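Look for subunit A in each of the two complexes below; its partner is subunit B in the first and subunit C in the second.
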Partner chain A sequence: MILVVAEQRDGALNKASIEAVVGAQQLGDAVKAVLFGGDLEPAAKELALSGVEAVLTVSDAALADYTADGHVIALEQVIAAESPELVLLPHTYQTRDFAPALATRLARPIVTDCVGLRREGTTVTFTRPMFQGKVLADVVVEAGPPWLATVQAGAFKAEALEKRSSPAPIVPVKVEIADGAIRQRPEAPFREARQAVDLTRADRIVAVGRGIKGEEHLEIARGLASALDAELAASRPICDNGWLPMDRQIGSSGQTVAPRLYVALGISGAIQHVVGMKGAKVIVAVNKDPEAPIFEISDYGIVGDLFDVVPAIIKELSA
Partner chain B sequence: MERESLDVDVLIVGGGPAGLAAALRITQLQSERGGEPLSVAVLEKAREPGAHILSGAVLDPSSLGELLPDFVERGAPLAAEVRRDSVYFLTRRRRLRFPVTPPPLRNHGHYIVSLSRLVRWLTGQVEAAGVDVFAGFAGAELLFDGNRVIGVRTGDRGVGRHGEHKPAFEPGVDIRAPVTLLCDGVRGNLTKQLLARLPLEGRLPQVYALGFKELWDLPAGRIGAGTVVHTLGYPLRSEEFGGGFIYTLPDNRIALGLVVGLDYRDPHFDPHAAFQRFKQHTMVAGLIEGGQLVKYGAKALPEGGWYTIPTPYADGVLIAGDAGGFLNSLRLKGIHLAMKTGMLAGETAFDAVRAGDASAGQLAAYRQRLDDSTVRRELYPVRNVHQAFASGLAAGLAYAGVALLTRGWWFRDPWPGEAGHEHLVKRADYYGSDPPPEGASSNAVKPDRLTTFDRLTNVHYSGTRQEEDQPSHLIVHDTDICRTRCIREYGNPCTRYCPAQVYEMVDDGEGGRRLQINASNCVHCRTCDIMDPYQIVDWVPPEGGGGPRYEGM
Partner chain C sequence: MQIAVCIKQVVTREAQLRIDEGRAWIRDQDASYEMNEPDAYALEEALRLRERHGGDVVACSAGPARVGQLLREALARGADRAIHVEGDDLARADALTVAGALAGPLREAGVDLVLTGLQSDDQGFGQVGVILAELLGLPSATIIMDVEVSDGAARVKRELENGWFQWVALPLPALLTIQSGINQLRYATLKGIMAAKKKEIRKVAPPAPPDTRQRITGLRVPERAKQTHFLEGTPAETARELVRRLREDARVLRED
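Right after this comes the complex of A and B.
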């Protein structure tokens, strides 16, 4: 059995949890999901429709606010009770916070940031990027189960979810959390003054690079983004210049995205940018330089001046 | 602002071969001699031990064996024993093998290593001996009481691009110690601060070189481990100092690189392009064809030798390793000297703490130890070599030969030398009335992206990561010079000698150009600090933990 550790905040399920379920389903084993927190009903109902066999809900006042200790203690007990062969977690900030402690508590290795899972006989082979995505390594855990692994955002597509016709049962589970066992005191979640954009959730992205030349020309990219109902993003030089905020930067020093459509305007395709978007389903590139590396990974390439091409596309879209 | 502070007996800045050897030597003296245990702390700016360590590297194991006689049993990662040595002179299309390998380049009994891995292992040994290694903390500033060094302030964390404090702001920590060991590497920022404040400079200015290195995985069976190849000549001209290297590792992996003297004349010379040309030479191209680039890195190294070494002690402070210029440029080796000087500095620091006296008078024992040791015996005879090479390859080779017979004596001793950047010739003087365009490289290469690459792609392979939202750690004191004088006089050579595309001249929107600093590309090589013709660039450490990830280099 595979146990997927789902993540919710204020009742909303993190999309990455569904992707982890998809990864688990690919292995062909029974999949259960577990949720921690206070009021879990909305997230549990959503999860119950995702094709899992059961949704375990661990609702406890001590877990209402996220703490690493609380998650580790509760998960340790759930894992002991359910004895899953594999525990799969989405590679989120929250997972990165508590999963190493969980692995240490269970004295097990953890395979992080996996982009592929494969069953081979009695074991599971994990595929994970190394050298900043240059190399994919196949990893087999020599110790016996439970194996611990996290999956990279976008590695499994939520659309590939094998849903069930009827919702899975929601099973409340009790855990013991001793007084004083949680050593962290949560404070209100920190929010950037400017609402941070989560580009990883975007279905469509229009990204601009140096070819846009000046801040005043960003309007043309905004026009295309709104015509496509897409988020606006950029390569590093644009954010470096302060033309767009840093949370809109895609690439090795920005966000890693895998939207259904990625339109790269005036982006040459330096490897630092490409590692952040090569998972996109359809890549469209517009660039003046026919030898720009971006064309090597594009599904559709347009060699031309973006100042001619983009207005034409916008016109076509709004026609 | 409230700062935390920490008191230790000996503070070592830099977790490289010198700093770690010093730390280990102190713990050894401690267990030999007993008494009140000394507290020793090592500051290392890399997040992981060894992550900022880059070297060829062929290791002369003499110092390691002296420090840890059972280093093999302890599992020191020595990739391969050297089995074959050769030296070639390259022309554009040909290679000529030296009939005999010159004695300084014979490596029998030496090991090909990944210095990054060796340092990682050595860090484990040091930690097991009870030393605190603070990885991810950069020494930002020396703390003085008058002219006495009393410790180091680590860099602040959580400072935004414009100097504002971000929510996670943490001020740096003051670490105070009676003795501070500066092992902060080539052109170390703290050693630079010390030399700027106290009259410790050597007799001649230090001269540097820039080394490029790549790791390649080759198709199985192409070449076995244990081969050491050094080259002279192409792609460098006789006016440029340097040479190439190929070291073969186990598992079909090789290290290859090019070292270029940072005292070249041609303002349009491009060291990174020279490295690409090295890989295009038939000798190298045939080897790496069909292979995979695994890792890239670049780092400066001190080449000046004996006369450029500063007075390595002052009140409360000692200098060891590359920070002091302890490198034998004729043998192309510095690791064993870094370790040896670290050990001697460690011994001196131990005695000083025990004596309760860390004055310059007490710490002068370090100089005596250096003079009585293999350090002087090895470096003094070759004291004029690099300066001779500055007069051209032929003069350098001739002098290197003569020096072997005269133990380094020459009619002019010291052979005069100046700082490398002073060799750079203005465009008008070098090219006359017809210089190349400002941004051009005189030896440009169009990368094929299979075996030759542009800088930006190469940077990716260095694994460099740095917080983007922080102030630039490359401080250019007057960027007006870049767009007014430098562009005209030298054609902005920073855009060519920086191996990581940190410096770019971009359109300023008003018909001119302006300097753009891509600080987060920086691989911490220090070339800009060294080579800038106007000497207006200061390299300071970025937020601790940032920088390249040189695992395996």
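Right after this comes the complex of A and C.
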């Protein structure tokens, strides 16, 4: 049995959880899903229709707000009771906060950020990116079950979900959480000052990455954005350096966009960036490194120095 | 306040990677190395916390002999001393093995706060910090963008997804994994480099690796998800071809 650890916030299931169910289904084994929190009914009902055999709900006041300790304690008990062969989690910021501690408590490694799962004999081979996505590694776990793994956003398509006609049973599960066992005290989540720029509405975007080298070179990217009538955006390191404001950031910690045209200048294409822009209709990449992962998702690629290529494009556009 | 910061030496971002004959690692004989970027932010945060609260910063790393150079750099940036868990296999080891190697010396050091980067640019597990917390019995919080310390407790700003954040309080000692961009990095000064020569790097032998490990059985270069049209020629030629295709084939340019 594969146990999928689903994630919900305010009753809404996230897409990554459904993708993890799809990953589990494709391994061809019975799948159960488990949910943690306070009021779990809306998310549990949705999960019950997702083709899983059962939805386990762990509703406890101590779990109402997410904490790493709460999740580790509760999941350890659920895993002990259910004895899954594989525990599959979405590779979200929340999972990254607790899953390695859970695995360690179970004396197991956890294979994170998987983009592929396949059964080989009595074991499972996990595929995951390394070196910023430049290389894919097949990985096995040298230990008996339960194996633990997280799956990357988008690695499995939510549309491929094999639903069932009748909803699966929703099974409430009790866990013991001792007083004082949860050491983190969370405050309410919040958003930083309102986003001044809504890149999600942009038709065309010119985005810059590390290849721009210095703040003083942003002018060249601005020039292209202006010539294309596009918005200027950036990958995370550019905003980290303070060269562009955070609300111009595309990627898992910034905005997710799907413009008609996306021009990536000096962006290598690390997954944290790619998840925010791979939905663009046409992707153009300019990069010095012919093996930059950005080219894997690009429609048009130019291997070259952006400081030579971009002025030429601007000139051509204004010709 | 005693602060430990765990840093990793990784192959530089610009490196052209080649898979080795064994297909289980890259050819790294001639590679050049640098400090893993999120770890550089963790080191900087440790130095800033020391400036505000006093105490010592100890830089820790697990890896082969070349890691000595990384630790010397951390000392030059301002760390007070360093611990090097030295072992050739640690460069390719999984997260549980690396965390296990760091846990012993950190337990001995008796620190108030352990900082790590949120993940490494090479294997990218994103696990060593959280595992280390579990091995040391410390509470942890991850992907941190701000750290406040007072009265034996930390209040930290966790980055969530899609522009959301959350403050979390936790008692010290604790472990935090630091997100890139939490601060502005400083680089070593000549004075720092000179001072670093006199600082201590303590070498420690790693423990036996754990019985349960993950092992790489094969490496490959990813296949392209799309058929990429590579445009070649001089900058002027590629620019002309690109604009033609965007205008005529893809039809994504604004037409006046």
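The rule is short, and it goes like this: the second predicted complex is superposed on the first by the 193 of 319 C-alpha atoms of A that agree within 3 Å, B and C clash if a C-alpha of one lies under 4 Å from a C-alpha of the other, contacts with A are read in each partner's own complex, and residues count from 1 in each chain.
Quick note on the criterion: a residue touches a chain if its C-beta (ideal position, glycine included) is under 8 Å from a C-beta of that chain, and two chains touch if they have at least 3 such contacts.
What you see is a predicted model; the values in this text were computed from it and never measured.
A.B. asks: Quick one: is A:253 in contact with subunit B, with subunit C, with both, or with neither? Answer first, second, both or neither.
C.D. replies: A:253: touches subunit B and subunit C.
A.B. asks: Kindly classify A:240 by the partners it touches after superposition: subunit B alone (first), subunit C alone (second), both, or neither?
C.D. replies: A:240 sits against subunit B and subunit C alike.
A.B. asks: Determine, under the contact definition given at the top, whether A:109 touches first (subunit B), second (subunit C), both, or neither.
C.D. replies: second
A.B. asks: Hey, is it subunit B or subunit C that touches more of subunit A?
C.D. replies: Of subunit B and subunit C, more residues of subunit A lie in contact with C.
A.B. asks: Considering only touches as defined above, state whether A:293 meets subunit B (first), subunit C (second), both or neither.
C.D. replies: Both partners, subunit B and subunit C.
A.B. asks: If you stack the two complexes on chain A, which partner ends up touching A:214: first (subunit B), second (subunit C), both, or neither?
C.D. replies: Touch status of A:214: first partner only.
A.B. asks: In the superposed arrangement, what residues of subunit A touch both subunit B and subunit C?
C.D. replies: In subunit A, positions 131-132, 134-135, 190, 236, 239-240, 252-253, 293 sit in both the subunit B and subunit C interfaces.
A.B. asks: Where on subunit A is subunit B touching in the complex?
C.D. replies: 131-132, 134-135, 190, 214, 236, 239-240, 246, 249, 252-253, 270-272, 275, 293
A.B. asks: Within their complex, state which residues of subunit C touch subunit A.
C.D. replies: Against subunit A, subunit C makes touches at 11, 13-14, 16-17, 19, 26, 37, 94-96, 99, 118, 121-127, 130-131, 133-135, 139-143, 158-171, 174, 179-181, 184, 210-232, 235-236, 238-240, 242-243, 245-246, 250, 252-254.
A.B. asks: What residues on subunit B touch subunit A, complex-wise?
C.D. replies: Residues of subunit B touching subunit A: 167, 294-295, 449, 456-457, 459-461, 463, 465-466, 468-469, 509, 516, 518, 520.
A.B. asks: Mind pulling up the subunit A residues that touch subunit C in the complex?
C.D. replies: 67-69, 72, 92-94, 96-101, 103-105, 107-113, 125, 129-143, 183-192, 195, 203-204, 210, 228-229, 236-237, 239-242, 252-256, 260-261, 268, 281-284, 289, 291, 293, 295-304, 308-309, 311-313, 315-317
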